[in-house]
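Think of it as A, B and C in the order they're written, each chain with its own count starting at 1.
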Amino acid sequence: MLTILFDGVAYGMLLFVLACGLAVTLGLMNFVNLAHGAFAMAGGYVTAVLMNRYGIPFLLTLPFAFLVPSLTGLVLERTLYKRLYTRSHLDQVLFSIGLVFMAIAAIDYSMGSQQQLIQLPTWLLGRADVLGIQIGRYRSFIIAVCGILVVVLQFILTKTRFGSRLRAAVDDRRVACGLGINVSMIFAVTFAVGSGLAGLGGALGAEILGLDPTFPLKFMIYFLIVATVGGTTSITGPFLASLLLGIADVAGKYYVPSFGAFVIYTLMIVVLVLRPQGLFARAR
Amino acid sequence: MAPVLETRGLVKRFGGLTATNDVSFRLERGGRHALIGPNGAGKTTFINLLTGVLTPTSGQILLEGKDVTHSRAELRVRRGLARTFQINQLFPAMTPLETIGLAVSERMGGGRDWWRVTGSKREIVDEIVDIARRFHLMDILDERTSNLAYGKQRLLEIAVAFASRPKVLLLDEPAAGVPEAERHELLATVAALPRDVSVLLIEHDMDLVFSFADRISVLVNGALFTEGTVEEVSNDPKVKAVYLGESVYE
Amino acid sequence: MKSHTEDDVRRVLTRRGRWGFSEIAFWLVAVATLVFMPDRHLILNEIAIIALFALSLDLILGYAGIVSLGHAAFFGLGAYVAGILAQQGIGNPLIGLAAAALAAAILGLATSFLVLRGSDLTKLMVALGVALILGEVANRMAWLTGGADGLQGVNVSPLLGLFEFDMFGTTAYAYSLTVLFVLFVLARRVMASPYGLSLRSIRDNPLRARAIGIPVNRRLVVIYTLAAAYAGSAGALLAQTIQFVSLDVLAFHRSADVMLVLVIGGAGYLYGGIIGAVVFKILQDYLSDLTPQYWLFWIGLILVLLVLMDRERMVSKARTLWKRTANRLTHRAEPLATTRTAREI
């Protein structure tokens, strides 16, 4: 029971790191980016390639899993995405699905369609017995890393100049522009960091979520759930939504394996119908 | 005779803010009534309450003596309450012909008609032509709305509302932003609206208010400040202090 | 003189309802392929089915502005209903078609109340969620649907008791093309009616539509239901003509593909779905020959390029061009002659 809760929390934290970038970009530019998962996949593959082809240790690959998607995100944002902010949601959906399809085919072409396996360092393997609860070492590691990231993100958002500008821009872009805040730059940076975090999440999650070319589509709905159910006005909402989703998914798969997916989708529909602004958003 | 539109003790609060404060207002049948007030006086909120965009916190709205306080917006339109918007709310991809045709056939219950081709009914066509003539839109009936001159768009804005054959027409700053060259046509058209339509005009432009209205209500801080004939209001020192003073200050 | 003006107005207003020369030619070409391209009937059948599916999406996307990523739900439901009926011995294709359309319409009506709320994104996700749930249901209820193995033993009786479904796809294509045509004519009629006009007004400006007295939600519920029935019919055609149904009919890529088809052809004038389907199939044939595995890449690239080249501007340009040629062909250029009407008044 507690083990399931623990696994659920680890899963949820992972989802948060994967999806928080999407939540922020959605809130900031009202941009529907279905290609967010492609950046996560990129991170996963960076780690897989560095480890399996060049024998670089797992931990050392993680910075690259952040940097590569982050830079890719920055380049794409500056060249392509930024042209689409003012366009209809249909255009944004078409464009980002197009990117997903291209990413899937490109990975399939270069890496093959099989699952990528990652050999974790031995100190992260196995389970430890803490106070009678079986706790996976790797999952504890994930919780620790993601927990630190959450704290750092929260700190950046609430305590730094950049954070207050970002929040101002999310609240009201026009007013923020009027105050002399360079919204375009803020968005580029946010997009890059969000993509990088997704990549990091993809690398950390390769072991738990699996990693193959269909990754962006398989988890697209999860990322979108985090962003829409959590609401996009702060990161607390997406964080709680991620935890909830993680726990519900793990518990659902464990207790009612035949209904696992129903639970998630049904919950999503119910929440969105009752609270279109998101479960934790301030009602407007 | 009962007024065509009446509010009784209308109140709207947003959290701690009272946007409409106990407004009891009467629009007489065939009246030309202007609602004025400084910016932020709550004119827009009042319009939104009347048309059903917002629900009042308390109070009543009566249209021809019938309570419509909680009726849905589209029902109020069918009962005879139409409005124009301060910022054009048109259908950019449709032509004026289609726009007016839509409003006319909706009024005749044609919106549920999914089989007959639009315009196959004689009386609809006749009425479209009448309205197009009245609003000087005949020459541009088949242009895309988004390509029209601003003044023509403003005329269409009123024509659409008029096409639902309202008993009460709410005009929200009809002349706002219209360039001088097109202004005369617009004002003349508004002045020539038939008398069986009662008009509530929300306006900043005092020339227009004084030339058009027979009664004026002044709204300040969400409450009715005073009401009277044009002479009474324009000579009221209190109004000058509150309203005109404010507009000089602007 | 007065009646003259009114006749002009009426003629312009009913323009949408009349069949132009180019439209008639379009359908004559379609019929001609039935006669003159006998070895292509299998692929033409697929095109007709995709076209009907895209037409269905056009009804909600092009005419009501609803972005849906879950349209495959209705297609898949229709396919399974028709397939299971045929498997259980009710092989009459027309009964199967009607049942599929009805089932999809009921699902459309039921889910419209969920889908038609909130922002574009929530709409999109709720529609997607419905499709995903349906996919899960089909997967779990393997005793009925065959699950991942697909529905085997679909036996469709001869059409009208006369025409056996042959291996060259001739009956299939004739059947699909006829259904497409009939449903197209219906859609065309609906969109030329005041109801169709009110839908376009809702897409353009829902705020004003409401202010004219249009019950916006009710109108959208109706079109969503109708579109669902169309998608269900397309699914039924697929199940009946290939006599097999797999979980693929509910897959996400179907919803995405149909959107691409519609976008290639252009939304909002009914022919977009059909033209898009032709282009899509030809592209698929050609590109899959080049690189069979990486078709997905090309779809993605086309989507990205279409958006970057500003789809809407292209479509509107194409449409003006089309109108001009169409008018020239029919010699019935009929804008309200501005000078003349002005003089008459």
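As a working rule, a residue touches a chain if its C-beta (ideal position, glycine included) is under 8 Å from a C-beta of that chain, and two chains touch if they have at least 3 such contacts.
Keep in mind that what you see is a predicted model, and the values were worked out from it rather than measured.
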Item to check | Closest chain to global C-alpha mean, per-chain Cα centroids | outcome: C
Item to check | Centroid comparison with chain C (C-alpha atoms), farthest chain | outcome: B
Item to check | Distance between the centres, which are taken as Cα means, of chain B and chain A, whole angstrom | outcome: 49
Item to check | Chain centre separation (chain A, chain C; CA means) in Å | outcome: 35
Checklist entry - What is the distance in Å between the mean C-alpha positions of chain B and chain C? => result 40
Next on the checklist: By the touch rule stated above, which residues of chain A touch at least two different other chains?
Outcome noted: none
Checklist entry - Which of the residues in chain C come into contact with chain A in the complex? => result 61, 67, 69, 114, 117-122, 124-126, 128-130, 132-133, 136, 140, 252, 256, 259-260, 263, 293-297, 299-304, 306-308, 311-312
Checklist entry - Contact residues on chain A for chain C in the complex? => result 26, 32, 80, 83-84, 87-91, 93-95, 97-106, 108-109, 217, 221, 224-225, 228, 258, 261-262, 265-266, 268-269, 272-273, 276
Checklist outcome for this item: Note: in the complex, chain B contacts chain C through residues 51, 72-75, 77-78, 82-83, 85, 89-94, 97-99, 101-103, 105-107, 110-120, 125-126, 128-129, 132-133, 138-142, 160-161, 163-164
Checklist outcome for this item: The chain C residues in contact with chain B across the complex are 5-6, 9-10, 12-14, 16-17, 189-190, 192-198, 200-201, 204-205, 207-208, 210-216, 219, 335-336, 338, 341-342, 345
